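Some structures to go through are shown next.
What follows is a pair of complexes built around chain A, which joins chain B in one and chain C in the other.
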Partner chain A sequence: MISLIKDFFSKFLKDLFKKKKHLRMGLYGPPNGGKTTLANRICKDWLGEEMGAVSSIAHETREIQIKEQINIKSKGKELTFNLIDTPGIATKIDYEEFMKVGMVEKKAKERAKEATKGVIDAIKWLDDMDIVIIVLDSTLDPYSQVNITIIGNLQAREIPVLIVANKIDLKKANIKRIEAAFPQYDVVGISAKYGKNADEFYEALFVLAG
Partner chain B sequence: MVTLSIVPYTEIEGLSSLGRIRKLLNIAKEDKIVLLQGRLRKEEEAELIKVTMEEINSEFKGIELAVINPLETKGEAGISKIRNDMISMLLGDRHGLTVVGPASIVKSIRKDPHKIELLTKDSRQHHKKRKR
Partner chain C sequence: MYADGSTDLLKGCACGAKLFFFIRKEKLEEQQKLAESIKLSQEEKIQMEQDVLGMLTSRMDYDAPVVLDLEAVRVLRPGQYELDLVHLFQGQPLIYRLEEGKYVIDLAESFQQLRKNV
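Showing the complex of A and B:
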């Protein structure tokens, strides 16, 4: 009984505290899905500035990046949130893969070490999110265990999720495959790089935030 | 040569979350592919990734992971849903299969909800790499 009362007050205080702060919106997904490109798209569209560097080499984002107080407006509605761009989650990181794209051994090892820390931080931050956008590369097979584990963990924490099928500007893009893999979630196809379908994405954000 | 280590669910049943993760990871770090009867909890899967990242170094490059849960059938309804819910209630995490392989041996694991395909690296390449 005492624990029930404790739980009630802790939830009540947490909710009260949450309401005073802005919504925390996390960008999650495997490496190279386009999380930072999407973060840059959002920041460029609504703040007029970019958020972070992007690269074709995996694990470019190795630290949590936060942009506070992004205010988006659409059809008379308004939404303010703190955007949290997280490092790509992976189950393996091999410094030799970075050397294959021309990085010297010392740099490659440093990058791998930072990338492992980034994955740990991204997982730790899961508990702090109010809503999450999963950013997937729509040209790749969505049935990877990393995707399933991230989504399963968000589901267990009852965090609302929107799936973004990114890179729809590419020929191999297949949104239907992502929709079939995760039928219980809304999927929005976009090209974060070129801004294709950005309006549809922002509309979906309003729905997600409730 | 690839070594498979089959772990029955009873071997991890009584362990704490960290104990389960440790057991699977220790086997994978011995360059063996683990076939676990049953599944880890979702939170344990995330924890397994976290612990793996903490232990990555120039020798250990991480893992490949795949979990198959035959009860997670898309769009099921009616009697089949009730039947699966009942099995799930009775068997819990005992149902399904988990594969954990060291990234130095397992190139990739392709999966759909009902099937796992495990691709290993060329053994000669692996030997070459380990000799260095």
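Showing the complex of A and C:
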């Protein structure tokens, strides 16, 4: 009985404070899915400025990046949120992969170390997210340990999720494969780089935020 | 390698296994000669490794699931890491394995996580 009362009050207080603050929207996913490109697209569309650097080399984002008070509008509706771009989540990080694209050994090892810390930080931050956007590369097989672990955990935590199938401008893109892999969530196909289907993405954000 | 009639064949080897691979003496000598005749430089060995790995669909198997023991992060060597995502997502103590029998535990982080879970 006491635990029921305790649960009720903790939920009541949580809800009370939740309504007062802006939504915290996290961008999660494996490296090179296009999280920062999407963050830049959102920031460029609504703030007129970019958020972070993008690169074809994996693990470019190795620290949490936050952009506060992004206000988006569509069809008379308005949504304000803090956007949190997170480092790509991976199970293996190998400096040799960075050396293959021309990085010197010392720098590659440092990058690997920072990327590892970035994964730990990204996972730690998950508890603070109100909604999560999973950004996946639609040209790749979605059935990976990283994708399944992230999505499985979000489902267990009951955090609202939207899956973005990014890079639909590429020939190999396959949104249906992602939809089939995670049928419990809405999937929006976009090209964050070129802004293709961005409107549909923003519409989906309104639905997600309720 | 164990000689014919070795008692180890009955008792088992140092690792405890009792399954042995049999190779004829002539074949063994033949293989040893062949191995000795091929002297490879370090560059050649690296090139061979790269060639074979290049033939594989994926080099380091990034898709293979990583399930570690009690640690969340395993350092294979400088710049190479394996992360147990399930371990990290569950908020279990943050333990790094540097090598066999050498661990570092992030106590501050682990206690913070414990407080969160209570």
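Keep this in mind: the second predicted complex is superposed on the first by the 210 of 210 C-alpha atoms of A that agree within 3 Å, B and C clash if a C-alpha of one lies under 4 Å from a C-alpha of the other, contacts with A are read in each partner's own complex, and residues count from 1 in each chain.
The working rule: a contact is a pair of C-beta atoms (placed from the backbone, for glycine too) under 8 Å apart; a residue touches a chain by one contact, two chains touch by 3 or more.
Just so we're clear, the structure is a prediction, and the values are computed from it rather than from any experiment.
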Could you check whether chain B and chain C clash or fit when both are placed on chain A?
clash
Contacts of A:Thr91 with chain B and chain C, given as first, second, both or neither:
both
Examine A:Asn82 and indicate which partner it touches, taking first as chain B and second as chain C; both and neither are also allowed.
neither
Classify the contacts of A:Ala112 with the two partner chains as first (chain B alone), second (chain C alone), both, or neither.
both
Who does A:Pro183 touch here: chain B (first), chain C (second), both, or neither?
first
Considering only the touch criterion stated at the top, classify A:Asp127 as touching first (chain B), second (chain C), both, or neither.
second
Just checking: does A:Thr139 make contact with chain B only, chain C only, both, or neither of them? Give me first, second, both or neither.
neither
Considering only touches as defined above, state whether A:Asn174 meets chain B (first), chain C (second), both or neither.
neither
May I ask you to decide whether A:Gln155 touches chain B, chain C, both, or neither, giving the answer as first, second, both or neither?
first
After superposition on chain A, the chain A residues reached by both chain B and chain C are 89-95, 109, 112, 116, 119-120, 123, 126, 141, 144-146, 149-150, 153
Which residues of chain A touch chain B in their complex?
89-95, 109, 112, 116-117, 119-120, 123-124, 126, 141, 143-146, 148-150, 152-153, 155-156, 180, 183
Complex contacts: residues of chain A adjacent to chain C
89-97, 105, 108-109, 112-113, 116, 119-120, 123, 126-127, 141, 144-146, 149-150, 153
State the interface residues of chain B toward chain A in the complex, per the touch definition above.
42-43, 45-47, 49-50, 52-54, 56, 58, 61-67, 74-75, 103, 109-113
Okay, in this complex, where on chain C does chain A touch?
60, 62-66, 72-73, 78-86, 88-89, 94, 116
